[in-house]
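Each chain carries a letter (A, B, C and D) given by its place in the written order, and its residues are counted from 1.
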Amino acid sequence: MLDGFEEIAAGLVATAKSFHARGWLLGTSGNLSAVGQREPLLLAMSPSGVDKGELRADQLLSIDQNARIVGQPGGKPSDESLLHIRIVRDRGAGAVLHTHSIWNTILSDVYARDGGVRIEGYEMLKGLQGVSTHEHAEWLPIVENSQDMATLAESVGETLNKHKAAHGFLLRRHGLYSWGENLAQAKRHIEILEFLLETIGRTLHIRANAI
Amino acid sequence: MLDGFEEIAAGLVATAKSFHARGWLLGTSGNLSAVGQREPLLLAMSPSGVDKGELRADQLLSIDQNARIVGQPGGKPSDESLLHIRIVRDRGAGAVLHTHSIWNTILSDVYARDGGVRIEGYEMLKGLQGVSTHEHAEWLPIVENSQDMATLAESVGETLNKHKAAHGFLLRRHGLYSWGENLAQAKRHIEILEFLLETIGRTLHIRANAI
Amino acid sequence: MLDGFEEIAAGLVATAKSFHARGWLLGTSGNLSAVGQREPLLLAMSPSGVDKGELRADQLLSIDQNARIVGQPGGKPSDESLLHIRIVRDRGAGAVLHTHSIWNTILSDVYARDGGVRIEGYEMLKGLQGVSTHEHAEWLPIVENSQDMATLAESVGETLNKHKAAHGFLLRRHGLYSWGENLAQAKRHIEILEFLLETIGRTLHIRANAI
Amino acid sequence: MLDGFEEIAAGLVATAKSFHARGWLLGTSGNLSAVGQREPLLLAMSPSGVDKGELRADQLLSIDQNARIVGQPGGKPSDESLLHIRIVRDRGAGAVLHTHSIWNTILSDVYARDGGVRIEGYEMLKGLQGVSTHEHAEWLPIVENSQDMATLAESVGETLNKHKAAHGFLLRRHGLYSWGENLAQAKRHIEILEFLLETIGRTLHIRANAI
């Protein structure tokens, strides 16, 4: 087992339970990963089909750059491991988190025709790495969903390349991806983006109705 | 006592507490069961009128195929035991869960005139057993509510027969039923269907108002 | 100290923490009581101005039929003790609970011109003591708020007398009162009425907007 | 270390965890402080960039009247320390809390053109220190957001001076500040103002749509 794997696994489990409690990982949805080793790449990855509210550290898998399990005999890595690996490679991320929340699902659809959600003028944006003012405009791109993971990984790669400043992206009617240099930063980014998506979603109601 | 009953009971209790915390089993509403033995049928069943947030494993009842208590002298099985037994028989389910959430109550009424809720195009659908793409269209039938449990069990039986692909159904202004081969799968199905019903309910607001 | 007082106090504390977690007792709002002795009346009552999420059993007060503290030297009973005593007397209640939720506050105002909220056709109604069908129509009267507790107790008394079948009432822009033969039943009634008020409030959005 | 610092730190940690669980301090947002000593001023202050759901007492910083760290070598005080110090000075507060909630963010923007939110007629207002009736009208001023903390502290100072009865204020698209004589009172004020802002926000939906 990789040095430090247990600590990484414990962090992923704590994050999984926190997000499951908030309703962002219901029904075994979503997945979490953190880099254990850069070269050659080893990623601690949540297994497929597991209740994230009951995730145990010994269920975390080690996968390589091709999403093949290293070491352990059992378990099945998430279908979306290729997306995690792509993000780790293209962004130099140390951790990648993917949530299915009510609000990220809704907004990924409502704004699909615009190709993304523009988030601007909120103090919360300052919590995104490298952002120093609420006047920042974050563009959260929306990628069309697909079950062909190689194709989807390509679309994600193109999106990452086109929107180099983006701290996350949405898969349409599917969910949110964000990442960070480490797990704490990735968790912070998810909490911030989920907060802002819910704020925007609820503001749509108020703006249209009451003012 | 049946072999394995304690483990089954512990699983039902953990599920009950999790759902009660989410507000899906308030006011002693809802009920949970899991198959202990197929032939002759023995079902571990939550008792009637118990606070699901404080459910104890020793309160679970064993009932037979006619919803009669086996073994224990005390306790009263839920009135809806007949529905659980029907689902176990018709679907070969290993566990049946019934929740009363705000959103399943609302949508069971709003879509009653359509006879069901059509859920299509969401990645979350892939978590339903046997579904392999978000392009799946799930039809969640709505059954008119009744206090005559024999009649209601018949209506449910007809609905199950007519909609063989359905992973659950709604009772109008009453609640959601879903099931699975085992408790983990049934819990997964409930979390997914509750998530999707809330997503659809909240999207109704946004679509009509703001776009 | 009254026999059984410790057990009663422990039950009130657990209920307070559960409701505070749901956001129904924020900011030291709301109060809880349970009958310790009928003749002469002794009521275990939550003190005024205490954080319900941090309530301790030793903070519960014993008060008599005039809302005077019995036994303990310190502490201040809630201003609304007179309402609790009135409900205990008029309804023969064993426990009285008063919550301040977002939805009970909103609906107590929206329906004020009707004098109450009509709740009909929901399965959840069956959880109210003595109700055996979802076809039941519950009338939840709304009483105008006041800071004169003697006057308010009189208004509440008149309301209880006029609506003998009611399982609770709303104080306008203030909160919900419900009760039961014992604490478990009172807690069940609060959970049911809060659920139904939120369901009705959210349905108002959907009905008007999207159908 | 200051006498009593450990107790103060424990209280701030408990408050931080409670508010983080409610979604009011997501993504390392918000901050909390309590006075340890009046003359010269020493303030226990949450550090910058820390996950409030995992805050530890040993991470709390002591800062002086110029927001310089006293004693500990490490850690970085929040950029908004100057606002806390200003409130402590101008209001004689013993604790200052700052939350980023969905509803305070939305209402700080929706009512920006009015310069504040008028909150009137709610029983919950009675929980604000010095308020004895629901007929009280609370004016919650809105201050335009800025990244220049000296300028923002000046704006806040002017607002506090102009609205001497206010129990809190909003920074536009940023968050809520409230305070109290001690931490318990400050926590009570935040819970009450968050409750009332959510109530007003949700009422905007209902009023416009359904009545």
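Simple rule for what comes next: contacts are C-beta pairs under 8 Å (C-beta built on N, C-alpha and C of every residue); 3 or more make two chains touch, one makes a residue touch a chain.
Everything numeric here is computed off the predicted structure, so don't read it as measured data.
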item: Most widely separated chain from chain D, with each centre as the mean of CA atoms; value: B
item: Length of the line joining the C-alpha centres of chain C and chain D, rounded to whole Å; value: 30
item: Multi-chain contact sites of chain B, meaning residues that touch two or more partners; value: 205, 207, 209
item: Topology of the chain contact graph, where touching chains are joined (line, ring, star, complete, other); value: ring
item: Residues on chain B engaged by chain C in the complex (per definition of touch); value: 23, 26-29, 51, 53, 100, 102-103, 105-106, 109-110, 145, 147, 171, 173-175, 201, 204-205, 207-209
item: Interfacial residue positions of chain B with respect to chain A in the complex; value: 18, 22, 121-124, 127, 132-135, 184, 187-189, 191-192, 194-195, 198-199, 202-203, 205-207, 209-211
